[in-house]
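In the two complexes that follow, chain A is the common piece, with chain B as its partner first and chain C second.
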Partner chain A sequence: MAGKVRVGFYSLTGCAGDLLSILNIEDRLLEIFEKVELVEFVMASSNVKPGGVDIAFVEGSVTTEKDLKALKEIRAKCDRLVALGDCAVWGGVQASLTGLDPRELMKSVYGTEQNLYGFLGEHKPLSEVVKVDLELPGCPIEQEEFIKAFVSLLRGDLPEVKDYPVCIECKIREVPCLVVEKGEACLGPITVGGCKARCPYHGVPCIGCRGPIKDEANVAGELLMLMEKGWKPLDAINRMKLFAARYKDLAKLVGRG
Partner chain B sequence: MREIVVEHMARVEGHGTIRVVVEGVVVKDVKFEIFEGPRFIEKVLVGRTFREAPDIVSRICSICPDPHSIASVRAAEKAFGVAVTEQTKLLRELQLLGDIISSHALHLYLLALPDFLGYPDALSMLDKYGREVKMGLQLKKAGNRVKEVLTGRSIHGCTARVGGYSRTPTREELEELLSLLKQSMEGAELAVKLFSSIDVPDFPRGENLFMALDPGERFGFIGDYVLVSTGERYPVEDYKKLTNELAVPHSTAKHSSYRGEPFMVGALPRVVLNKGKLKGRALEMLEEVEDKFDIANPLTNNLAQAIEAVYAVERSIEVVEELLDRGIKPEAPVEFKPKSGEGVGAVEAPRGVLYHYYKFDDEGRIVEADIITPTAQNAANIEKYLRISAERLLSRGVERLEPMLELVPRAYDPCISCSAHLVKVIRLKSSN
Partner chain C sequence: MRIVKLPKERFSELFEALKSWGEVHAPVKVGRFYSFKRVESLGEFTLSYTRTMIPPKKYFVKPFEDILKVHVEKGYEPIVEESKRIVLLGVHACDINALRILDGVYMDEIPDHYYASRRSNSMIVGVSCEPDEYCFCKSVGADYAWTGFDLFLHDIGDSYLIRVGGSKGESIVAELTGVVEEPTSIDYVKLRDYELKRSRMFRRSLNASYLPEVVDSLYGSELWAKYSDKCLGCGSCNLVCPTCRCYDVTESLDLNMVEGVRSRRWDSCFLRSHALVAGGLNFRPTRLDRFKHRYNCKSSIDQRTGMLFCVGCGRCTVFCPAGIDHLEVLNSIWGLR
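Up next is the complex of A and B:
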C-alpha cells in the first residue's frame, strides 16, 4: 500500500500567524491531519520524523542566517515548497524597511550597531532565495484558501492562483467604495483578492496585506489616485510599502529599482 | 563540564533554546535564548500615522494581536486626549477576553497538556483523551469566534481604531457568541480540573516577584496602574522604571528587571495580585484547588491560566448580555484631532503586561515608539527558575535534566513565534 503523503510545516521569521491559522481550523483540523503523515510541525508537536517530505509549507521571511540555512535545507528535502503568508511571499511588514542601513536598525531597536542576531540586512521573501512552487498570500493566510490548496496538493495538483483585485470582492459584497465615497487611502485596487474584502466590509480601507497582484498591480496609478484624494505622497507610499516594498514597480517608484 | 541544551523548544510560539552549563553538580551558566529573527517593528512604525499603528503592531504576534492593537490605540488616545464610549469600553473588554480564552485554550490543551500526560502532541492524545482535546478545541474556537465577530478575523483583525471600532457587531452576532460561550464553559472548567489533578513537580520552587495591571474594581485585563507584589503601585507611564530593558547578545528579546531583580508577569501574577477581585465560578474553583495553588512555583502558571479561562468565559457572557441589554447600536469612532504629544497604553496580554509608548508630531505621525512585551519581561525570570531547577535536580542526582527543564519556560507560555526543530542534547565534555 502506498504511504500517506509526507507533510512538514516550517517557520522562519514572523509572527507564526500562518501556522496558527492552520491550528485555528478547529472544526476540520483533526480531519486534515488524518489524511497525511505529519513529519514536522514543531509549534504543535515535539515529534519530528527524519527524512524528506512531499510537501513543505513554509511561513516567515528570510531574515537571519539561520533562516537562510533552514530554507535551503527544506528545499533540498522537499518535493513541493509552498510559501505561506505575506512574510514568505513578500517579506512581511518588516520588508518595508528595505533600503535602510542594518546597523542603524540595530542601533535604533537594540541600542547597538553590532549584528547580534545574524541579521542578513534585509527581509526577503522565499522566492528570492529558492524555487517556490506555490504562494498562498495573506497576513495571515485565508483558511479556506489553505484547505483548497491542501486538497489540490494531496491530489498532486496545484490550485488556481488568484489574479484579481480586492475591489472585485467589494463589488460582490456591495461594499461602497471607500476611495470614491470617503476619500480613504484604500489599497484594494493593487491588492490581490481572496479575502472577501474583509477590511472594507468592516469599515476600514484595505492595507494591502495579501500583497500586490503579481506583475499587474499598477502602483503608480494607485499613488496618483490617492494624491488626487488629497493624500501626501509620503503617506501614500508608506501605505503601499507596508506589504509591497519588494514589488519591483513600487521599488522603482521609490527609487530603488 | 557539560552543556545541556534544549535546542528549539517544541510547542512554544517561537524559536527558543535552553542552554545550561554544568560542572559536577554546580550550575555555571543558564541561558534562555530567543532566536526569533529581529523584525524592528518599532522602526516600521516611525514616520507612519496613528491610523496604521494598530494594524502594524498586531503583526508582532499571532496569538495576541488584540492586546497589541488595543494597547496601541489606548496610547494614541492618551496622547490625543480621546475618551471612548461605554459601548467601546465593553467591546474592548470582550475582545481582550476572547484573546485570553483562545490563547489559554491553545496553551493549556494543545501545548502544555501533552507534557504532563507524556505525549508529543495533542493529536497523539486523541485515542485516550479525545474528549479533552475536543473540548479544548471548542474552547479555543469560542475565543476565536469572539475575535472574528468583533474584529473581522481571529488573527490580525482590523476594526480596533483610535476612538472606537470601525464596525459594531450586530445583535444576531452577539446572540451567536452568547450560545457559543455558554457551551464552552465546560471546557474551561475541565482545564481547571485537569491542571489541578496533575502532580506538578516542585523543583522550580523559590520566592518570586510579581507584576500585574490594576484592573480597577473588577478582575480584568486593562488598567492604568501597575501593582507589584512588594505592595507598590505605579502609573503605567513609569513603565521604564519598572522594566529596565537591556539588550543581551543571546536573545532578540530584551531582558527586564525591577530594582535589579527578575520579575514575573502573566496569569499567575494576575491571579495572585488581583485575587480579591475574582468572583463567581472562577473564585469558587480557585478556592477548591487552593492547596494546589503554589505561588512560589512558576509551573502553577498553568493552573492560573485555567482559572482565568473560567473567569474569561464567565465575564464574556456577562459583557455580551450587558451589550444586548443596553441595545447594541452602530457607533463610529469618536471624533478627535491628532496633536503632538506622547502616551503609554498598557493591557494584560495572555502572557502578562504589555506596554506601548508612542510620541506623535502634530499630524499624529509617530516620531518614536517603544513596545515592551510580556515575554521580554519574563525572560530573566525564566532564567532564574531554570537555574534554581537545574541546581535542585542535580542535587537530587537527576541525570536527564532536559525534559524537566523544558517544563519551566513552557509554563510561562513564551510567545516567541513558532519554531521548527527537535529537542536535542549537546554534551561538550562528559560530566566530571
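Up next is the complex of A and C:
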C-alpha cells in the first residue's frame, strides 16, 4: 500500500448520517476506496490502523470531553482536516440549544442535573476548536460534492467553496420563488447552495440545512424579510436557529456574542 | 423591413409555419408568472403575459452547462451539442433589446461559439405588450424594438400587424401567402392608437438621462447602505436580469482522476467569489460594495448599442425576495421622489 494517500473517517457527536451517506455511494464505493489507504472508518470496518493520516474526514459536533480529546488527537496526526456535514461545520441541530442551561437540558432528558457524559455545555463546530482546512456542509452532505472534494484533495488541491445561496439554484432550475409568490418562510437566501434547491423544487421552503453562507449570510435582512411577510420575529429566529445558531450575526440577533 | 397583416383567426397558420421551422418555445404560466417552454399547440401558451421570471437569455447562455471535456493528458475538447432550431415566440421589446446587448457582448471580436451557434439557429418573434406596475422600459427607450427580431407581432385588435425583420422572417411570411394581407391605412391608425394607449399606461419611470454620470457621481452617498442592509445578497436580481451576462467557470475531475468537465454557471456580482482574485484580494469585499456596483453597472451605457444596460423589464424588483425596488433605490440616491 506504499505511496497511497492515508485517509481516516471519524465521528464525533451526531447521527452519523454523513459517514452513512458516503457508504451509501454504493455503486462507486470501491472506486473511491481503491485510491487510498483506509486507516480508520469504524462504520465500515473494524480494522483500524495505527499512525497518522494525510486526510481526516470528521463528522459530528464537539459536544463532549471525549469529542474534544478525539478531535485534538485527529488534528495532531493529520495533514488536512475536512469537516463533514452540518454538525462539524456549524454544530448541528443540537447547537440550536446554545444559550440554554445545560443542567436544565440534562434534567429534562435524563431526569438529573448531573453531567452524565462529560457534556461541554455547548455543541461546537470543529472550526471553533481546531484549524479546519475544508468544510463540506449539509445535513447530510451531498454525495456528489463529497466525491468532487475527495478527488481534489487526492490531487493536493481544494475544491470550489460554494459561496452562492439556494436562490441561485432555484433560478437555474426555474423554480417559482416561494418567498415572492407565496410569502413562505424560505431560508434559501441565506443558505449555502449545492443541494440543487431540492426542497423548493418540490414546493417546500428551505429550512437552511446546509447552513448559512459563511461570513456572507444577511440574517438580519432575512429576519426583516420574514417579518414583512407576516412572520413573528421569534418564529423567524427559531427557524434560522435550527441550523445557524452559531453563525455570528445570528448569535448577535438573539443576544449572544 | 416590411409589414404585413395577419387576422387573428388565422394565427394557427403562423404557428404551424413556425413549428415547421423549428421547436417553438413560448410563455407558459408557471406559478404566478411565466416561463418560456417548448409548446406544441395553441392552448399551451399565451401571448398576453406580464413577464417570465427567467429571460430568454437562457436559450443562448445556459444557466448551467458543461462546455469542455477535460483529460489530464490530452487536454481540452469542446463539448459540441447537436444544433437545433428554436423559435422564441412572444418575446417582449425589452427582452429583444436585452438580447441585442448580449449579442454585442458574446459575439464581439472573439465570439462565444456556444452562444453564436444557438443564436444563429434561433428565430425571435416579438409581440407587443401592455405594461404593468413594474414596467419602465419606456423611460429607458427599450419599449420598442427597432431591430433584433425576425418577426414582430403588433396587436391591433382583430389582427396582428407583423413587422418582418429579416430573411428568416421573410421565409415564414412566404409560407403564409394568401393568409397575410397588405395592411390598410385604417390598420395603421389602429396601430398608432394602440401605441398611444400603451404609452399612457406606464405608471413608473426612471430618469434615464444623465443616469450613468449621476449614479457614478453619487457613489459615496450614505443612502446606499439603507438598501444594502436589506439586501440578502442572494443574486436573484442578477439571474433574472435579461442583460446580466456574467458566468463562473469551474472544473472538476471524475473519480478516475483522468477525465472531467469544465462547466459554467450563471454568476452574480453579489457573490463573494465574483470579485475575488488570485492572492485572496477581493476588490468588492462587502455587500455595500457589490450593491453599488450592480446599480452602477445597470446604470451604465452599452457602447455597442448605445443603450442603457437596464431595459426596464422590472424583473429585479418583482423577484427580489427582500422587496428592494430598483427604481426606488435610484430615485432615492438621486434625491428624487
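To be clear about the criterion, the second predicted complex is superposed on the first by the 255 of 257 C-alpha atoms of A that agree within 3 Å, B and C clash if a C-alpha of one lies under 4 Å from a C-alpha of the other, contacts with A are read in each partner's own complex, and residues count from 1 in each chain.
As a working rule, contacts are C-beta pairs under 8 Å (C-beta built on N, C-alpha and C of every residue); 3 or more make two chains touch, one makes a residue touch a chain.
As the structure is a computational prediction, the values presented were derived from the model and not from experiment.
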Putting chain B and chain C onto chain A via the overlay, clash or fit? fit
Just checking: does A:Arg155 make contact with chain B only, chain C only, both, or neither of them? Give me first, second, both or neither. second
So, A:Arg6: does it touch chain B (first), chain C (second), both, or neither? neither
Please work out whether A:Pro176 is in contact with chain B alone, chain C alone, both, or neither, and reply first, second, both or neither. second
Looking at the overlay, what does A:Gly17 touch: chain B (first), chain C (second), both, or neither? first
In the overlay, answer first, second, both or neither for which of chain B and chain C A:Lys124 touches. neither
When the two structures are overlaid on chain A, which partner does A:Glu216 contact: first (chain B), second (chain C), both, or neither? second
Applying the touch criterion given at the start, work out whether A:Arg246 contacts chain B, chain C, both or neither, answering first, second, both or neither. neither
Between chain B and chain C, point out the one touching more chain A residues. B
After fitting on chain A, the minimum C-alpha spacing between chain B and chain C in angstrom comes out at 15
Which chain A residues come up in both lists, the one for chain B and the one for chain C? none
Touching residues on chain B, where the partner in the complex is chain A: 8, 10-15, 35-44, 47-49, 52, 55-56, 59-63, 65, 106, 110-111, 114, 120-124, 126, 137-138, 140-141, 144, 151-156, 158-159, 161, 166-167, 247, 249, 252, 254, 417-423
Can you list the residues on chain C that touch chain A in the complex? 30-33, 35, 53-54, 63-64, 229-236, 239-240, 250, 252-257, 265-266, 268, 271-273, 287, 318-323
For chain A, which residues are in contact with chain B within the complex? 9-21, 23-24, 26-27, 29-30, 33, 38, 40-48, 60-61, 63-64, 66-67, 70, 92-94, 96-97, 100, 105-106, 108-112, 116-117, 119, 123, 139-140, 198-199, 201-204, 207, 209, 234-235, 238-239, 242
Chain C-touching residues of chain A, taken from the complex the two chains share: 28, 31-32, 35, 147-148, 150-152, 154-155, 159-160, 163-165, 167-168, 171-174, 176-177, 179-181, 186, 188-190, 213, 215-216, 218, 220-222, 224-225, 228
